[in-house]
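Several structures are given next for inspection.
Two complexes, one shared chain (chain A), two partners (chain B, chain C).
Right after this comes the complex of A and B.
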């Protein structure tokens, strides 16, 4: 210990900032060609604050520790056949959706942050983006690794990346991320680090992962929280980027506000999938979507935007609509999947009576009035052996790509339709939020790859459902449709030694025409 | 919805327990809520995690950066140095 110990700030300075240099052979603008075209003005990259002063040596040390802990648990989970200890086999469908919908986004984030890190000309954000890029690769790897144990026992896990590129509902997360990645570096980090990771991912990783623990899934809660421990760093990068842009130049304020408005709405629409995971897909429930939205968005998000108001930033546009929708979102979403489950790579079901009671207690103003009667009607059809599947493909929102099943902000009985004209064609939207985003950049969104349009144009293996399923790599009667009729359920009952009298009388899957 | 709460969420495990205890000691207004596998701590305006308080509880040296291992999420502006980790609102 001869040398004096460096303070954290000095150490950080030496290990990051001092690694940068001023180029002499090339103009900086040629080295970082994307830093200006979005209209963001930066005068002094040295004003960038690094809230977590994590140096690369400390980074590797803590990441290695996280990995060791995680893999010890993954090993224990598979050695002890932990997949048999989950609450019931319905739970596993939430994991299917996670692997098909979320894990590929982790990989996309790995690529996106590598690109963003290359484009920022300040060393602070370069280092932060580089670490995040490595984190995101770790996330996708640990998720694939953990969930592979379920693939040995349950259907629907076998070709998630292929499905992510093709299956209709997975175009929702895929197009969300590709929209961000095809923007410039400042919009990309506003979209992903700030709007998604800082403002919205708590909804996915906190109540949902806590829910995984509650449902006996030791492996998922562990990779979830292991990933989330990196997330605090990512969220902090998001907040820093926003504050940095706002402090550098007043002209940045309206641009940043526009991006916050856009990416709040994009992210909120994406979380529709999470709302139904929480309210319908966890057999043992931790909290309702409504409660989570109140806690993590209205309360914490409210405090955040109040903090940002000193820079002239207000709450994201249409946040009030998200609050109006909180008692409907998960029910409207689950109904879409109940309708179209013959084309989905996970099972759906009607809530059991005790679950209906939970839902009416959590949603006293809407559930019994609007959704219970619908479920009871569907149950009566199911009891007659006529389980309802909708054979008419839905109209999709041009922007968020979700079937247009959301209702008017002020009328839960009326489907919300919005439309715009561009170059003589008409485009349809689920909400004012989605329409505004389109109207601001129509030349981008007219190019959207909409699954339903693509099917009708014959680009998805053929025009019939069996052809499309084959193109999706989905096995009919195995990966899709009603849980009660599924192999997953029959296997589960056999493994658990439970009576299978219900499954002896299979419910016929009738697709109406 | 006027509020200025900050929060920190940690895994509910052996390593995090003394950190949670230290936070409770040093932040009189902290509200601690347990959910399956995790703990969420909210407080108006500010939360501090002090190195000295954690070291006192665990009887060994502790680096505030060890927080990263069991951290789940947080909200607020961050100030970090050798002796404490602070979450706050405003400047």
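Right after this comes the complex of A and C.
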């Protein structure tokens, strides 16, 4: 007798959501205590659509296949000293920023999705979040294993997680993710799955992975390709989460809109670090920040929000400011790091003439007018042996924690200052976007661990730069400061057999168009 | 004849990351397990108290009564990081797949007497709900536990349990000819049949347990420590008398998994108990308490197969577990 076969959909349903039951010995609220406090109303968890229907045995099979291929390449990469095939030793600094700033976020995502995967009371989102949780663990671990080889030959990588928890610029990504994790499960998935993974992830992933491809870093490219199929699952989860909340109850709409506004701005400010990486740190450039923002946010994002308008969702607040800032963001950011590179665990440098030309061409309205003169002045100081480092600690935005160096939306020559009073204290912000987020939840954001305040309060090893660097585990003269004077550059020239005279000159960089 | 391949050799500046070197006491090459496990979780300078638990930090040692000087003293004897775990499971999955295909192709289940199939169905299939509880419980340990050494292994365990729940569902579908009648009946039994109520009650209680290490002892040591030997050794052994090895082939993943996972569970308990007398006393108290509860909950489950012998079967399994605690986990129960 031929058995009546369950359809794939029915089978998956039996293999996941049918496993749960309505508890009767415990109050359901004791098992899932976090589903209500954010004000999101869910009436029917069964309306959740599982876009992938991946059972665990299939997951193991696919993932193991990918892992075997990836590790074969990582092994070959280290055996063949693949790190010497990158375009230029400057490129490696983009990887330092990645390991210090991005890999710890993959770990945070692993734990954050474990929380969401435990807290949602529907099996559909539980399983999706749990699989994402272990995918994220995969990402941080494969990144460590890939970059392990670079750590053996370059400075700045060696204590990435210690630094992530202490060094000033790394409080930007750390506070971003902790903001999401310290909120409830619905805000967390809106922040990470939707606003970050779905709307903005292309702007993180594409620049680093294509940057790796353009600059001869085969190990990182391979990791990127290998992670791509995980990412597409994660992006689908992001969109499903939003639609699910919006379709369940119209009272959810204003809450979701508020979160989208907040997390768009949070994510956009975080991408400041990526913008300077794209425009300044890749010896062979993929595209400019401005072009990437136009393609991935203005065009793709615009279409997405057009789609969501039927639910009553509009474009995130202050998206227009991000468009006004696109011609200056990366330049303002790189200048911050040029100023404070003595306290950063990667090297900075001034663009060479060929690179200045590329920047002029990509930013015709701003580069020659505002930034080239600044770099030329700094170059003249450098030629006199007076490389400029700023010894005064900067004021940080209470919210995004980036030094307050961004300019007014309509005036690129005027620093933008905003402030709010709360319980008799004054708090400072880089933008209206950051100020609004603070004003909505001041009791949360007064808690920010601001690196500059902490240094002044004596919580970071001491009051002098050497004491703070020691507390950071940042080796002065190795991990920090100007690329031209760096050990990395001297080693690179020695390994590559460049002559002494080459060592005295800036390494020539090819510029892609 | 061997050919010597000339390669460029360049001295590295360092052999591993600084945090790993500090823990190893020297800058020497470290395994992939260690490099991708040590210190991954942030420990200081948290920005915001969680809205869902304002009395603790995001990651906080205060979410359990167990106290450790160093939460990275825990080592997984299997040295599982994501890649090692997933490739190990993929191999086992491959074997399971072949076993299922073999049983289906030869229609081996048709050779098992109807009565035995009924017993197997009644004993195995409702457990998929208990595995789902174990999935959530281990995800809880991953979410709120402290230190990547334990939390990453708990996340693997959580996904393993979902996988086992799905294998049990598949076995149900094989037994009922893909109609899902066995799954529906098993859910009914799980919700209403008296034999399953004490176990369901215990599962629901564990899903509401707050101390993550207590949950670890209760779920991974006490409950699993009785349930797995009961179901996959004793009940399976009983069924073999009529079913040959057919049912065992379908369960092979679970029995192999349990043997492997017990090594991790024992090592974890031994490390925590070895840390201090206070830990040891606490762990022993939890272990006794939950072995009692689990034994009580599993007795009616055992009775479905062993009838009046169930009490003595459970008593033997308790004794085995007590011995295991003393020999492997450093606990005197």
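Everything below uses one rule, namely that the second predicted complex is superposed on the first by the 493 of 513 C-alpha atoms of A that agree within 3 Å, B and C clash if a C-alpha of one lies under 4 Å from a C-alpha of the other, contacts with A are read in each partner's own complex, and residues count from 1 in each chain.
Following the convention adopted for this analysis, contacts are C-beta pairs under 8 Å (C-beta built on N, C-alpha and C of every residue); 3 or more make two chains touch, one makes a residue touch a chain.
These figures come from a predicted structure and were not determined experimentally.
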Simultaneous placement of chain C and chain B on chain A, clash or fit: fit
Chain B versus chain C as contact partner of A:184, first or second or both or neither: second
Partner chain(s) touched by A:72 [first = chain B, second = chain C, both, neither]: neither
Comparing the two partners chain B and chain C, which touches a greater set of residues in chain A: C
First (chain B), second (chain C), both or neither touched by A:495: second
First (chain B), second (chain C), both or neither touched by A:286: first
Angle at chain A between chain B and chain C, C-alpha centres, nearest 10 degrees: 80
Contacts of A:463 with chain B and chain C, given as first, second, both or neither: neither
Shortest span in Å between Cα atoms of chain B and of chain C, once chain A is used as the common reference: 15
Doubly contacted residues of chain A, that is, touched by chain B and again by chain C: 65
Chain B residues within the chain A interface of the complex: 1-7, 9, 11, 35-38, 40, 65-66, 68-75, 77-82, 89-90
Touch list for chain A against partner chain C, complex: 1, 3-6, 10-11, 14-15, 18-21, 23-26, 30-31, 33-34, 37, 55-57, 59-61, 63-65, 67-68, 70-71, 79-81, 84, 104, 107-108, 110-111, 114-115, 117-119, 123, 126-127, 130-131, 133-134, 137-138, 140-142, 144-145, 148, 151-155, 157-162, 164-166, 171, 174-175, 178-179, 181-184, 444-445, 447-449, 454, 473, 491, 495
Contact footprint of chain A on chain C as seen in their complex: 7-8, 10, 12-19, 32, 35-36, 39-52, 58-59, 81-83, 86-87, 89-91, 93-94, 96-97, 128-129, 131-132, 135-136, 139-140, 142-144, 148, 151-152, 155-156, 158-160, 162-163, 165-167, 169, 173, 177-180, 183, 187, 190-191, 200-201, 204-205, 207-208
For the chain A and chain B complex, residues of the former touching the latter: 7-9, 51-54, 58, 62, 65-66, 69, 202, 205-207, 209-211, 213-214, 221, 225, 228-229, 231-233, 235-236, 239, 286-287, 298-300, 302-304, 306-307, 310
